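Below you'll find a set of structures to go through.
First chain A sits with chain B, and in the next complex the same chain sits with chain C.
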Partner chain A sequence: MIRLDSARSVILRLMVLAALVLLPPMAIIFAGALGDFQQGMEPELDRKAATIGRDLAGDIAHAATLGIPLDRLVGMDEFFAPVLESNPELRYLALTNADGRILFVAGVQATVLAPHYETADFEQAGQRKAIIDAYLDIAVPLEVKGERLGHVHVGMDGGYVPARLHEILIDVVTVLAVAMIIALEVLLYVVALNAAGPLKQISRTFEAARRGDFIRIPAPGARDEVGRFIRTANDAVCRVDELYRRLIAYAEEVKSAHFDKGVVERVAAIEDRIRYLFRFSESGSPEVVHHRRALDVRLPLFLFVLSEELSRSFMPLYGGTFSLPGVSPEMVAALPIAVFMAAIALASPFAGTLTERMGSRRVFLLGLMPAVLGYLLTGLAQAEAGLLVGRVATGIGYAIVTMACQSYVSKAAIGEQKAQGLGVYVGAVLTASVCGNAFGGILAEHAGYRAAFFASAVLAVAAGVLAARLVDPAETVKARREAGVGALFRLLRNWRFAVFVVFAAMPAKLALTGVVFFLAPLYLHQLGWEVADIARILLLYAGSVVLLSPAVARLADASGWRAGLVALGGLIGGGGLLLPLLGGGTAPVLLALLCLGVSHGLSASPQLALVSDLCWTEVQEIGRTGVLAQVRLLERVGSIAGPILAALLVPVTGYAGAIAALGAIAMAMAVVFAVAAVAYGTGPTIGSDAEVRP
Partner chain B sequence: MAWSLPRKVSAALLAILLCTAAATAIFGYSKFEGVLSSLVRSRYSVVVFSIKKDIEDRLALGLPLRQLRQVQDAIEREKIDQPQIQGIEVFDAAGEIIFDTDRGAVGAAVSQDWVQAAQAAGHQTFARSEEDSLIVGLPLVDVLGRVVGAGALRYPAASVAEEVRPLLAGQARSGLILLAGFAALAVLGTYAVLAPFGRRLAAMERQLQTTMAEGGPPPAPADNDPFEARFAAFAASTREALEHMQDATQDVGRLDRLEVRE
Partner chain C sequence: MIRRLAGLVLLAALTLVPPAAAAEAPKPFRIYMALWRGWEEAAQGFKDYFANQNIPVELIVRNAAQDKSKLPEFVAEVKRLKPDLVFTWGTTVSQEMLGVIGKVDPARHITDIPAVFAIVSQPIEAGLVPSLASSGRNITGATYLASMETQVNLIQSWRRFRHLGMVYNPLEANSLVAIHELEALGRSVGFTLTALPADLADGKPVPASIAAKVAALKAAGVDILYIPPDTFLNVHRDLLTGAALEQRLPSYAAAENPVVTSKAMFGGIYRYYTVGQLTAYKAEQILVHGKAPSAVAIDPPRRLSIIVNMPVVRALEFYPPMKLLGLAEVVDPAGAK
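Moving on, here comes the complex of A and B:
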C-alpha cells in the first residue's frame, strides 16, 4: 500500500515501472540494431580488404609478367610494410602460390595460416573468405594472362567489427544509465510537486486542527485529485472558521446589546471557552500559506549543474584549440578553468547578499542570464579572449544560481530537516555531476565541443522555466550577520581553522581542478582516448565520491573521528596521485583518479562537520553558513591555483610528472595536517571561546 | 484542462522514454555512421595510396610529374573498376590538374584549400567535403621530401547513407512499434500504480464531506497509514469543533431568547 504523504513509496514503484518501460525496449531495439550495424560494416570491411588485395595483386602480377618467379621476388617485406602501417585494422598480408604454399607473409607467423591455406580450395568463390584464428582472411586471385599463379591474402582484424560494436554499446549503456538517473530526478520532482509535497503540507494542517488550531490552510495548488482533496479539507476548516466568526459576531452583539448582565457574563464565558479550545486566524479567514520545500528546487538545480558539467571532461581540450601569443598551449588550456573558478569565488559573496535582498527565485532567474550568455559565448568563441569572457560570465551565473538554491534549501528546511535539505542540494549536485560528465563526453564526441555548450544553454533555460515556479518567501529574512572580510580575518586568527583551510581544504581543491578538471582529460587524450571515454574514466572520481560520501558522513558522525578522516583522505589522495610516476599508460591514471575520488569521498562530509568543531565560537558569532561561506571562498584559492600550477608544470615534467607533482604537494600538505590534527584535541576551541565570552 | 496525477506522471515517463530512445538512436547511429564512413574513406584511400605509390616510384626515377602519362590510364582503370568513384584527380604543387578521370578538367585548378591541405598533410591522408562529394587525398612527395602535388579521389557523400538506409528503415519501423507498445505499458502501469492513490484520496474526501455534513463516527485509518491516521483525527476534531460552534451558537441564542422572554 502506498503511503500517501511519502514520495519515497510512490517513487520506488514508479522507478521500477520506469526501468520496465525504458530498459527492455532499448535492449531489444539495440540488439536488433547491433545485428544490422554488423551486417552493414562487414561487407565494407570485405570491400576494403578486396581493394587492398587487388592493388597488391596488380603490382605482383606486373612483376610476374616481367618473368620474375613469385618465389624469387625480393623486398616483399618492404612492399607489405607501408600497407600494414597505414591500415590499422589490417593484421597481415601474405602471398601464396597456386598450391596454397606461403611464399611471403608479414604481420603474423606463417604457421598460423599454413594449415588453412594448404587445405582450402580457393577456386571456389565461397572459400575466398575465411576466419582463421582471430583474423578475417580474404584471398584475392593472382593471375597473369589467364593463368592462376597464386593468391594475395589480406588478413583483417577479426575483432575490428565487434570492437566498434562494443564502443557503440558502451555509449548506449551510458545514455541509458544517465536516462535512468534523469528519470529518477524528474519523477521525484513531479511526485513531490504534485502529491507528496502538498499532502505533507495538508498533513500539517491536520496535525494543527487536532490541537484545535484552525489558523492556516495550505494553498490547494493544481486542480487534480490531490488539489481536490486539499480543497475539501480546506473547506472543512473554512466551515469551522465561518461558524466561529458567526458565533463571535453573535456573541459580541448579545454582549453589547443585552441589558442583562448575567446573560452577558454567560455569553462571554461561552466565548472564552471557545477561544480557549480553538484558535483561529485574526485576519478574518484562515491564512493561506504557500509552503516551500527543499525538493522544489532539486530539479532546476540538477538541470543547471548538469548544464555546467556537460563540458567538464573536454574543457581543457576545447581550451587547447585556441592560442594566445606568448602563452604556452598548456596555460591557454588552463585559463578557462582558472577564470571560471575565480569568477565563482568573486561572485559568491555578492550572490549571497543579492539572494537575501531579492529572494531565491528572482536571483536564480537573474543568475541564468550570465550563465546562458556565457555558454553561448563559449560555444561561439573564435579566440581565447572570447572563450575567457564566456567562462567568466558562466562562473558568475553559476555562483549566483547555486547560492540562490542553497538559500532556498536552507530556508525551506527547518530544524531537524536542515540535514535533509542539505542532502537535497548535495544530491542534486553530485548526480548532475555524474550525468553531465558522462553525457557531455558522448555529446561532444558526436556533435562537437561547441554543440555541447549550446546544449548547456538549452538545459540552463529549462532549469529557469522550472525555477520560475519556485515560491519566494513572503518576507525575506535578513542575514543574521554579515560574513565579510572582518569575519575572514576573525576566522583566520583561529590557528586550527587556518591549518585546516591551508593544509586540507585548499589542497583538496587544488588536486580536483588541477588533476580531474585539467590534467587527466589532457593526459588521457594524449594516450589516445576519445572524449566520451575520457568522460567515462572521469566518472571513477565522481562515482567514488557519490558512493563513499553518505557512508563516511554517518561514520564521521558516529565516531567523531573527523580530523582523522580528513587527514586520511588527504594522504590517500596525495599518495594516489604519485602513481603515474610508477609507469606510463592509462592504468596509473585510473588508479590516481580512483584514489582521489576515495580521498574526497572520505574527507568531503567530515570537512563540513569539522569546521563546526574547530570554529565553535565563530559559528556562534557569524553563523555556520557564514563560516562555511568563508571556507568555500578560501578553498577556491586552491581551485584557481590547480590548473595554473599544472599548466606551469606540464612543459617541465610532462602530464604524468605534473600529476605526481600535484600529488606530492597534496601529500606534503596532508602530512602537515595529520600532525596538526593530533594537536587539535577534541571538543570546542575553548581558547577562542574565552576571547569572545569573558 | 486539469491533469490528473497519473496523467502528469505518464507524460513525464513518456517524455523520458522518447528522449532516451531519440538520444540512443542518434548517438548509436552517429557512431555507426562514423565508423562506416571512416571504413569507406580508408577503402578509397587505399586506391589513392596505390596511385601515389605508382607516381612517387616514377618521380624517384627522375621523371617530372607532367610526363607520367601512364597515370591517366591508371586512374581511368581504377574508376572503371569501382563505378562508385566519381573522379580521380592528380594536381601539382600549384594546384593545376595534371591528370583527371574527366579529361576535360585537365589544366584547370583545384581549390586552394586542397593545395593547402595537401601541403599540411605530410605523408598522411587529407579529407575534404564538397556539396555532394567527399574527397580523400594523399600528397605526392619526391625523393627530397618536397610535396610536389597530390592525388585526390572524389566519391559520393550519400554513399554511406544509401547503404545504411535500407538496414535502418526496417529497424526504425520495428523500433517505433515496440516503443508505442512500451509507451502504452508506461501509461497503463502509471495508472495501475497511482489509481489506488487517487481512489483513496477520493474516498477520504467523501468521508470528510459525510462527516462534516451528517456527523457520525470519523473515518477509521487504514493499514496504520500515518497520513490516514492524521486525517481521521482531523475529521474527528473538525467535526467536534463544528459541533462545539453549533452548540455554542445555540447556547448563545437560547440565552438571548430566554432572557428576552423573561
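Moving on, here comes the complex of A and C:
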C-alpha cells in the first residue's frame, strides 16, 4: 500500500518506535476514560429510569385518585408504548399491585418477571434495583394519599451500557488506526524530505564520483545535520573539481609553453587520459541540482484526497436532507455526486493545460481555492442549489489539484523508475480513501455532516501549506501534446479500444459511483446503520481494492493475461451486485461490496496495461499519458451516469433492486467484453510496455 | 413652504404606519361588540386575547338580551360610530346585522366595516358564508362545533364501538344534520346508528318520552349514546342523561352542559372562552396585519376540550384509557369515595 522507498528500514524502525511510545499511553488514557464513562453512565441511566418511572407512577396515581381501580386501568399498552419507543435503552414497563402481582406489562413476557416480583420486598430501598435475566429492573413505588398501591417497574437493557461502550471502542480503534496511518504518512514525508531523500542524492553523487563523474552536486537544502553533511560532501567534490581545473590549467600551460615537443605530447596524452577517466562540469564548477522526488508530493496529495474522501460515506445522506420541487428525493441526493463527477471530467483537460503552463506547485495552490470554497459552500448550503455549486467548485479544484500532482510525479520520477512514481500517486490516493472514509463517518456521526465539510476545508488548507514548500521539478521535460478531440476520435476508431472503454471501463465506474458512492450508503442507512458504521462497511470495497491490486498487478505482468483479468473482474463485480436480490438485510450488501472491491482490485492494474496493448500505435503517436487521459475522460461518463441511473431506478425498484439492476447492467457489459476479449485474438501483446503498475 | 411640506410628509407617514407599529401613544382599535345573551365566556375570551397580546382596544359593548328588535338599532349605531371592527355573537345577531348571502342590503346591514362572528354553529347553513375557506365577504369568524369525524374519533379513542344510539328532537335542524353525518361516517368507519325521535304532541316534542327512547336504545344493543347539540335536549338534559345512567348506557355529549351540569359521561367541545380567543386572533389578522376578512379562513379552535364526568364514569365502571385521561379535564365535584 505504501511504498517505503529506500528509506524503508529507517521509517519502519521509526514507526515501530512511534507506535511503542504512543500506543500504550493512549490505550491507558482511553481505558481510563471508558471506565469513567461506564461509571458515569450507569447512575445516569438509573436516574433516567427512575424519572420515567415517577412520571408514569404520577399519571397512574392520578387515575387511582379518580377512583379507577388499578387492575381495571384501560389502554395501558398505548400508555407504555410511546415511552418504550422514545427510550431505546428501555426494554419493558410493568405495573404491579401491592402484592407484587403483575397487572400490566409491555415489552417482555410477564412470566420472565413474575417470579422475581412475587418474592422481592420492595419496601426495602435496597431491593428497588434488581437484575432479572438480561434486564435491570428499577421499581418506583406508587402511592396515593400515603397508601402503597403497587410499583411501576422500568426495565432497562442490561447490555445497553456494554453495547454503547463497544460502539465507542470501535470508533476509537478506527480513529487510532487512521491516526497511525496518517502518522506513517507524515513520518514518510518528513524522513523522505529531510533525510532519506538528500542522503540518496549524496550517495548518488559519490556513486557517480566513483565512476569519475564529478559533474553534479545536490543542493544542500536545510541547515540541519543532513544539510551540513551534504555541504561537507559537496565541498569535497568541489575541491576535486578545483584541483582538476588547476591540473588542467597547468597542463595547458605546459602544452603551450614547453619547448620540448616530446614533453608536450606526453602532457597532452596524460590530459587526454584524465579527460577520459574523469568528467567534470563544462561550466567551471559542479552543477547544483535541485533534485525533487515523487515522494515529496505524497503528503500534500494525501491530505487533499483525504479532505474529499471524508464525505464519501454520507454524501448521499447529506444530499438527501435537501429538496428540490418536482425532483424525486433520490435524484436530489444523486445530483451532488453526479455534478461533482461531471465537474472533474470537464475541468480535467483545462487542468492539464494549466499545469503545462504554470508548474505543479502554483497549480496545486490555485486548485485549492475552488476546492476549499466548495467545501465551505457545501457545509453552509441551505438549499440544493448551494450544495450543487459547492460540489462543482470542489470538483473543479479536485481535477486541478490531482492533475498538478500527477504532472509533478511523472516529471519528478524521470530517472527513477516511473512505476514507482505512479505508485506514490496511487498509493496516496488509496490510503487517503481508506482513512478519509473511516474517519469522515465518525466525524459526521458525532459532529454532524456540516462539521465534516469544515474539517475537509481545514485539511485542504493544510495540504496547501505543505504544497507551498514544493519546488517544481528541475527537469522540465517538454510533455507531449495533450491529446485533444482529434485524438479521442482517432482512439475510438480502434474498435478494440472502443469495446474496452464502453464495456469494461465505463461499467466499472458506473458501479463504483452508482453503488459504492450512492446506493450503498442510502440502503445501509435505511437498514438502520449509523453513519460511522456505513463508512466502515464501505471500507470493504476500498480495502479489497487496496489489498488485491498489487498482487494482481504482478500476476498480470507475469502471465500477460490482461483482458482475461479485466473480464473476470467485470463478471465478479456484476454478479456480486446481484446478491441483494436474494434477500434483504445487510449481509448481501456486504458481499456485494466485497465482490465489487475484488472486481476492481482484479481489473484496475490490468486495465492500464491493457490500454497500452490495445493501442500500441496510438501510444506511439499521442503518448501513453495522452491515451490514458482519454480513458479517464471517457470512463467518467460512467461515473456521472452511475448515481443518476441509480436515482431513477430507486423509486421503481427500491434500493436493493437498484443495486441489482446496476449489477445486471455491469454483468451484461462484462459478458460482451469477455466475448470481445476472445476476439482480441491471441496475437502478441505488442511491446512489454510495463512502466506503470499502480 | 418647505416646512409645511415636511409636515405633510410626516402626517402622511404617520397615517401610513399601521397603528400597532407606532410605538408612542398607540391609538386603540375601536371594536363594536354586539352580544345576544350578555357578557359571557366567549366575550371574555375575546377581550382577554387583546389584553394578553398587548393590543390596545376600545370595546363598545351592546347587549340585545335575546331581543331581535334591538338589532336594527345596533346597525344604525355602528354606521354612526364607524368602529374599526364589529364582533357579532351567535347566529341570530350575525344574520341580522351582517345579512345572509343574496339578501345583503347595504342600508340594513353592515358591509363596509369588517366583522368577525363567534358562536355560530353552522355558518354555511346559516347563510353567512359560502365556504369555510373564505367568506368572499367583509366578514370572517370562528366556529365552535367539532367536526363529526373528530367527535367520532374521540368516542372511538375511549372505546371501539359498533353501535351508536341517539335520541333527538325531530323539529331541530341541527339534529337532523347530525344524523345525516353520523350515518355517512358509520358507513366508512364501520358502525351503525340507531336514532330515535322524541314523541311529538301539539307540534312539540314531549320530554316525558325521552326515558322510554333511551330504554329502547339500550334494548337495541347500543354501545354509546350520542347527545347532539340540541336546544330541546339541552333543556331536558337531566332527563336524558339520568335515563342513560339508569340504563347503564355510557353517553357522549357534543355540548358542555350535559357533561358539566348533568350526568353525561364525557364530551368533546370547544370552550366558549377558547372560541372567543380564536375570534380575537382573527380580528388581529384583520386589524394589525391588514388581511382582508375574506382571506382569513373560518375554523374551530385547534384543541378540543375533553370533559370527563368522573362520578358517572365510576357509576358505570366504564373507565377511560390512560392516554385520554391524561388529556381530559375531569369534572369530579365530590371526589372519589
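Keep this in mind: the second predicted complex is superposed on the first by the 556 of 694 C-alpha atoms of A that agree within 3 Å, B and C clash if a C-alpha of one lies under 4 Å from a C-alpha of the other, contacts with A are read in each partner's own complex, and residues count from 1 in each chain.
Everything that follows uses one rule, which is that contacts are C-beta pairs under 8 Å (C-beta built on N, C-alpha and C of every residue); 3 or more make two chains touch, one makes a residue touch a chain.
As the structure is a computational prediction, the values presented were derived from the model and not from experiment.
**Student:** Scan A:P115 for contacts with chain B and chain C and give back first, second, both or neither.
**Tutor:** Neither partner.
**Student:** Decide which partner touches more residues of chain A, taking chain B and chain C as the two options.
**Tutor:** When the residues of chain A touched by each partner are counted, B comes out ahead.
**Student:** Kindly classify A:G585 by the partners it touches after superposition: chain B alone (first), chain C alone (second), both, or neither?
**Tutor:** Neither partner.
**Student:** Regarding the shared-chain residue A:A63, is it in contact with chain B (first), chain C (second), both, or neither?
**Tutor:** second
**Student:** So in the superposed three-chain picture, is A:R266 touching just chain B, just chain C, both, or none of them (first/second/both/neither)?
**Tutor:** Touch partner of A:R266: chain B, not chain C.
**Student:** Based on the superposed arrangement, let me know which partner A:P651 touches: chain B (first), chain C (second), both, or neither?
**Tutor:** A:P651 contacts neither chain B nor chain C.
**Student:** Once the two structures are fitted together, what part of chain A is touched by chain B and by chain C alike?
**Tutor:** After superposing on chain A, no chain A residue contacts both chain B and chain C.
**Student:** So in the complex, which bits of chain B are touching chain A?
**Tutor:** 2-5, 8-9, 12-13, 15-17, 19-21, 23-28, 30-32, 34-36, 39-40, 42-43, 45-47, 49-50, 53, 81-82, 163-164, 167-168, 170-171, 174-175, 178-179, 181-183, 185-186, 189-190, 193-194, 196-198, 200-202, 204-205, 208-209, 212, 222-223, 225-228, 230-231, 233-235, 237-238, 241-242, 244-246, 248-249, 251-253, 255-256, 259
**Student:** Under the stated contact criterion, what part of chain C meets chain A in this complex?
**Tutor:** Residue list for chain C touching chain A: 159, 310, 313-314, 317, 319-326, 330, 332, 336-337.
**Student:** How about chain A: which of its residues touch chain C in the complex?
**Tutor:** It comes out as residues 59-60, 62-63, 65-68, 72-76, 78-79.
**Student:** Within the complex, which stretch of chain A touches chain B?
**Tutor:** 1-5, 10, 13-14, 17-18, 20-22, 24-26, 28-30, 32-33, 36-37, 39-41, 44-45, 47-48, 51-52, 54-55, 58, 82-83, 86-87, 89, 164, 167-168, 171-172, 175-176, 179, 182-183, 186-187, 190-191, 194-195, 199, 203, 205-207, 209-210, 212, 214, 222-229, 232-233, 236-237, 239-240, 243-244, 246-247, 250-251, 254, 258, 260, 262-263, 266-267, 270-271, 273-274, 277-278, 442, 446-447
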